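In what follows, subunit A forms one complex with subunit B and a second complex with subunit C.
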Partner chain A sequence: MADLGRAALVVTLGLALYALVAGGYAAHTNRRRLADSARNALVCAFGSTLVAALVLLAALARHDFSFQYVAAHTNRTLSTGYALSALWAGQEGSLLLWLLILTGYGALAVFVNRTLLRDLVAWVVPVLGGVASFFAFVLVAVASPFKTQVPPVDGAGLTASLQNPYMVAHPPMLYLGYVGLAVPFAFAAGALLSGRTDERWIVATRRWTLAAWTFLGFGQILGAHWAYVEVGWGGYYAWDPVENAALMPWLAATAFLHSVMIQERKGMLKVWNVVLVALAFELSVFGTFLTRSDVVNSIHSFAKSPIGGWFLAFVVISSLFSLALILLRLPLLKARTKLESALSREATFLYNNLLLVALCLTVLWGVLFPVLTQLVKGETRTIGRPYYDFFLRAFGLPLLLLMGIGPLIAWRRTSVRALLRTLAWPIGVSVVCGAALVLAGAGSSRPGLIAYTFSAFVLATIVVEVVRGTRAVGSVFTLVARNRRRYGGYVVHAAVVLLAIGIAGSSAYGRSTEQRLLPGQTMRFDGYRLTYRGVTRVNTPQALETRAHLDVSGRWNGSIATGTNDYKFPPEPNKKVAIETDWLRGEDLYVIADIRNSGAVYFTVLVKPLVNLIWLAGIVFVLGSLVAMWPDAREQRRLVTRLAPARASA
Partner chain B sequence: MPTRSPARLVVALAVAAVLAVFLIYQAVANSSTPTVTPSQIGHQSGKLAVVGTVVGPVTGDAHSAAGMRFALADPNDAKPVRVLVDYHGDDPPPLFQPGRSVVVTGTFARGRLSGTGIITKCPSKYTTSAPKA
Partner chain C sequence: MTAAGVVLGVVLAAAVVVVVALPFLRDPAPADDRLDAPTPAEEQRLALAEERDRALGALKELEFDHRTGKITDEDYRRDVGPLRQRAAAALRRIGEPSDAVPEPRSDREERDVTDAQPVPEPAPPPDEGTPPTPAPVPEPYPPPDEITIPSPTPPQE
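What follows is the complex of A and B.
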């Protein structure tokens, strides 16, 4: 079986190289049949990669420990579901998943666009072939998941903290996002290589970008929720380099999704858009490099593996390729129109883009700072949470405000008076909300108060837009159906508002205390009364489960249990926190226990206001993205009409 | 064909440069902490983040006045240097135990690190552990 997997990967490498070399030659010399052949090779590469992935999945399901990978990441007690999820629990398996998604996305993207964008696809194939060749080479020559050994009696098992449903979904979501960004990158590169830098590549890849962006965003929310419920420190985001690795391409892709609207409508920001799409792709590969190179200290202690250098080389080469291509095609990327006023929708989108990119680069600076100080000063210095929090507020709050202004401001130009008239209702609502919040005591945190007030402003602008539109067409469903992209975007904006409120509430207004209790003793905190009843220990086949039991009364009545699980395979302790949710307030009572042999327990009690809005934001975010992505026959007809002149000239 | 104003480019570059300088200043002046391994501490003092492997025995209690005590060695025991740590604060993460890679932040003075925060590195997805024979 391992031989079949190895052979399948070698076939993938051959097909990807063929797509790169033959596809590039065919596109350059305009040989149609050879280009079709290269495209078919890319589609077949998905088939051979699928065979390799199925071989590994079968070995995982059968606990075939003759595969080194299976023995290192599973054991016999692991359920089939978690055993299969070990496909992305280790380095080699996750790279195989990368390649599977890449070839799958690539095959679908070139197949769907093969007729409408034939000239562009001819150049897209070699670009995707090049990326796939790199990953296939790494899997064949450097990090093969099909290394075999004399099978041991049992495997090492899956890390306890990864045995969680969120961890089953979180990594593949991120991979779907990271890899998905290769498609718009390939189309942008294809447009530059072919010299056809009109808006077709943007139109063709809009849904791909949206899908990748949605996966990446939702994957991060899932990861944050996993950290919150499983890791047991009371937080959900630690600005760790590996977490930042997913945030950076998402920020760049967010900027891109906004700026493409300006190019589609006004023919502006062409250079900016190709830079953004290249940045998003390079950051997604850089993130993969970061997680596997050990160049920075992270709570995710990724090993110093031989693939780090290969990834760095790939990032450098592909970045230089992108830069050279953009510089070479600069004369073709001139704007059709120019910015007429600093008070216009175009300008607002530009400000939004600058803030998003500034935030992205700020995070990148923080991630690279230890490496840079080591290189420059010979001393590693790391940047802490205050740095990131400062810039999140500095760039995030103006972004929130722009999210309200952008959709309501006129294209081309407007006056301050006209803008104020348009925004009268939202401004009124936010002022009233701000005043009410101050009266309610929310003034204790200025950033929190600003975030809440700006959130009220954005929500009010969305409501104003929907009400106006509904009045015009008669029904909200008709309104959304007529412009799914626009109203899907508003739903996503609402999700961002929920996220902002959740982050502001749980961080700026969160409360915590720590107390040592003996059985029978009681502590009071923030309207809760917690009485410690005692400790139980249950020995299960998987773990020794130690729990401290508490009776809670006051704002919530009931019992909770918190403690640790000492897993047996592999032997690892894992904290088990108690979380009680007040759905009406969106608030959590979060209790962590440090159980001592003396019978005393140190309880850390956190009250996290509105934290559940963050998870709700994830669901709303996906819904909004689905609305924006949903196929639209009218849009398709417009697209065909629009592309007709370009096809005729091709 | 619209003409491009070089003044706009100069302003944009100037804004970017100011932002970059501000970022550097912020990072260096306020938020950065030297991160060293035990063998790199040398004559340093003050706020530090020490990356190392926990060496037992781990004694005491993080919540008590005396604190929890343990030592840190270089990762992979590259050099035979130990740093003694007195840790006060929140419970260390559950994975904290001898042999585990950690980052301890605190103040280093008179040969001891007075720790106030511990990050225990996750047993990674991307490190392979030896299967049972």
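What follows is the complex of A and C.
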């Protein structure tokens, strides 16, 4: 069946190239049937890629070790669920998933818009075809998942840290986000190529962008939770280059989702918006390049192979293409209106954009710095956590504040008097909150106190906005139903506030200690009393599970076990931490054990206040996004009405 | 390669060729093979529709911001006149849209501009006579593509 998989990928490559070349020619020469044919090729490319993916999934499920990929990433003891998740455990499988999602998204996007935006879709098809051609080429010529061999008795097994439910969901979520950003990029490029820079590309891709952004954001939260429970170092985000690779396009897409509202309402920032869309897409490919190359040291860059060079070339070429296109169409992107006041909703969106892009570029500099020092000085100098933490505070706290101020400022312009009047309640709430926090001892960390106070301010503004809006229209359901984007956005803002409180609580107010204990000895820490009882070792078919057992009393009563799993396939140790959650406080007791042969155990005990709000933020974030992107039949009919006259008379 | 693999591969390739060639097979000798790209007149109409939506959206946003206290009465009176004039001008420019897509009956309460009532006269500038009473706003400001026409409210004398 490997031959079928290979053949299907070759067919995909041919179809993608056809979509690129024939589609480009058809759009340029205005040929309808050829454009439709190229569009069909893109849809078929999804079908053939799906065949290739099903072949690989079937091989993974059957433990068919004649496939090199299957033998390298699974073994016979692996459950079917984890065996199937090995599709994205290795490089070739991940690239196949990338291509599958890209062609799937592309096929759906051009199919949905084929009637209303036929002239625009004609230019979108070659752009998507070009991106798909690159990935199909890499899969056919450089990193095929269908290489075969004489089947060994058993496979090497799945990396231990990937055998976690969060890791089953985290990579596909990120890919759905990364790849989803290709759709708005293709429509923006299509609009520029066709020379029709009206708002149709924005309207057509609004929900695609929102969906990709949601997947990317939620995928990062899942990844953070995986790191927290599985990697065993006590944290959830290490500013690892590959983690940053997912954060950067998300920041650029966040900026775009805000700035695009200014273009819709004022016809401004057209250049800025296409730059942001291109930046988000290029950063998503760059993120894949980071994961697939060995240019940076990361726990995630599991794949060290020659495909890094191909990706770099693609990033460079597509960036130059985007830049040239924007410069070429610059005259068409000029705004006819100007910002009326520095004290307006659109101005706060601009400030928010500048901060988001500054944070994005700061993270990019942190990722590239080791590579650049290696190139220039021949030695790798890395940038550590203090750098990122500093800029997170420098840009993140003002962003948090703007998130509260923005919704209370009117579009076009507002007076200082009106602004102070609307801000009175939120300011009052945040001042009272800040004072209460100082009295409660939260003044030990100034950034933490500021983050909490700003969070209270933002939550108060959301409440004020909803209350006033409800008074204006009569019902909160009517309010939300008639402007889902706005009120879904406020729910997302609430999620960001929960995230900020969780991060500030667990980092600025987190406490930790380390102590060596012998069986029977006790340690006290932060209201907890931990007594070490002894070690057990259990030999299972997958691993030797070593656990240190502790009795805990004080703020929580019970027993916990923490230690190491020494996996056999592949042979590698994996820390297993003990986490006990106090749901009332949203706080975790987090214990890591370093078990020595002497019988002594070094325990690291961490108390992480409010850390669980971060995971809750993920759920609220998804809910808010769903509200914002929920289909609206009225909106669709109005769009048809706006666009139909052009179609009908054509 | 197994026989099943060969058969499946051939079927896949054949299906792909048919689907890709479908536009040519279905319509071998078309009278017009041009892509129906908008003409300059249609592009102009689309630009006007976007301008109309922006103008109406700005007006509606102003009403909602006023009702929720984000702008003072004074600011409202200053801005509403020019915005109404802009909206009226945009509606006038776009003309009578006889080629619009018919709207379902159930949406009559949310009439779009294509079947709008006669364009209301712009309100007098704020410095002429009594300031106009804010027009009733049935819903908060939607994005420009969700725009409905506010009922024309004659300025009170």
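Here, the second predicted complex is superposed on the first by the 638 of 650 C-alpha atoms of A that agree within 3 Å, B and C clash if a C-alpha of one lies under 4 Å from a C-alpha of the other, contacts with A are read in each partner's own complex, and residues count from 1 in each chain.
Simple rule for what comes next: contacts are C-beta pairs under 8 Å (C-beta built on N, C-alpha and C of every residue); 3 or more make two chains touch, one makes a residue touch a chain.
Computed from a predicted model, the values in this text were never measured in an experiment.
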Judging by the criteria at the top, classify the pair subunit B and subunit C on subunit A as clash or fit. fit
Once chain A of both complexes is superposed, is A:A472 in touch with subunit B (first), subunit C (second), both, or neither? second
According to the stated criteria, A:R62 is in contact with first (subunit B), second (subunit C), both, or neither; which is it? neither
Of the partners subunit B and subunit C, which touch A:R585 in the superposed model: first, second, both, neither? neither
By the touch definition at the top of the document, which applies to A:E379: first (subunit B), second (subunit C), both, or neither? first
Classify the contacts of A:A72 with the two partner chains as first (subunit B alone), second (subunit C alone), both, or neither. first
Which partner does A:T291 reach: the first (subunit B), the second (subunit C), both, or neither? first
Looking at A:R446, would you say it contacts subunit B, subunit C, both, or neither? Reply first, second, both or neither. neither
Give one of first, second, both or neither to describe whether A:F369 is in contact with subunit B, with subunit C, with both, or with none. first
Rounded to the nearest 10 degrees, the Cα-centre angle subunit B-subunit A-subunit C in the superposed arrangement comes to 150
Least Cα gap, in Å, left between subunit B and subunit C after the two complexes are fitted on chain A: 14
Residues of subunit A contacting subunit B in one complex and subunit C in the other: none
Residues of subunit A defined as touching subunit C within the complex: 1, 3-4, 7-8, 11, 15, 18, 26-27, 30-37, 40-41, 43-44, 47-48, 51, 118-119, 122, 194, 196, 198-200, 203, 261, 264-267, 408-415, 417-418, 421-422, 465, 468-469, 471-473, 478-479, 482-483, 485-486, 632, 634-635, 637-650
The residues of subunit C that touch subunit A in their complex are 1-2, 4-5, 8-9, 12-13, 15-16, 19-24, 27, 30, 32-39, 42-43, 45-47, 49-51, 53-54, 57-58, 61-62, 64-65, 67-72, 74-75, 79, 97, 99-101, 103-104, 107, 110, 112, 114, 137-147
How about subunit A: which of its residues touch subunit B in the complex? 65, 68, 71-73, 88-91, 94, 152-156, 159, 161-162, 171, 231-233, 291-292, 297-303, 305, 334-338, 358, 362, 365-366, 369-370, 373, 379-384, 386-387, 390-391, 514, 516, 564, 570, 572-575, 592, 594, 596, 602, 604
So in the complex, the part of subunit B that touches subunit A is made up of which residues? 1-2, 19, 23, 26-28, 30-36, 49, 51, 61, 63, 90-91, 93-95, 97, 101, 103, 119-133
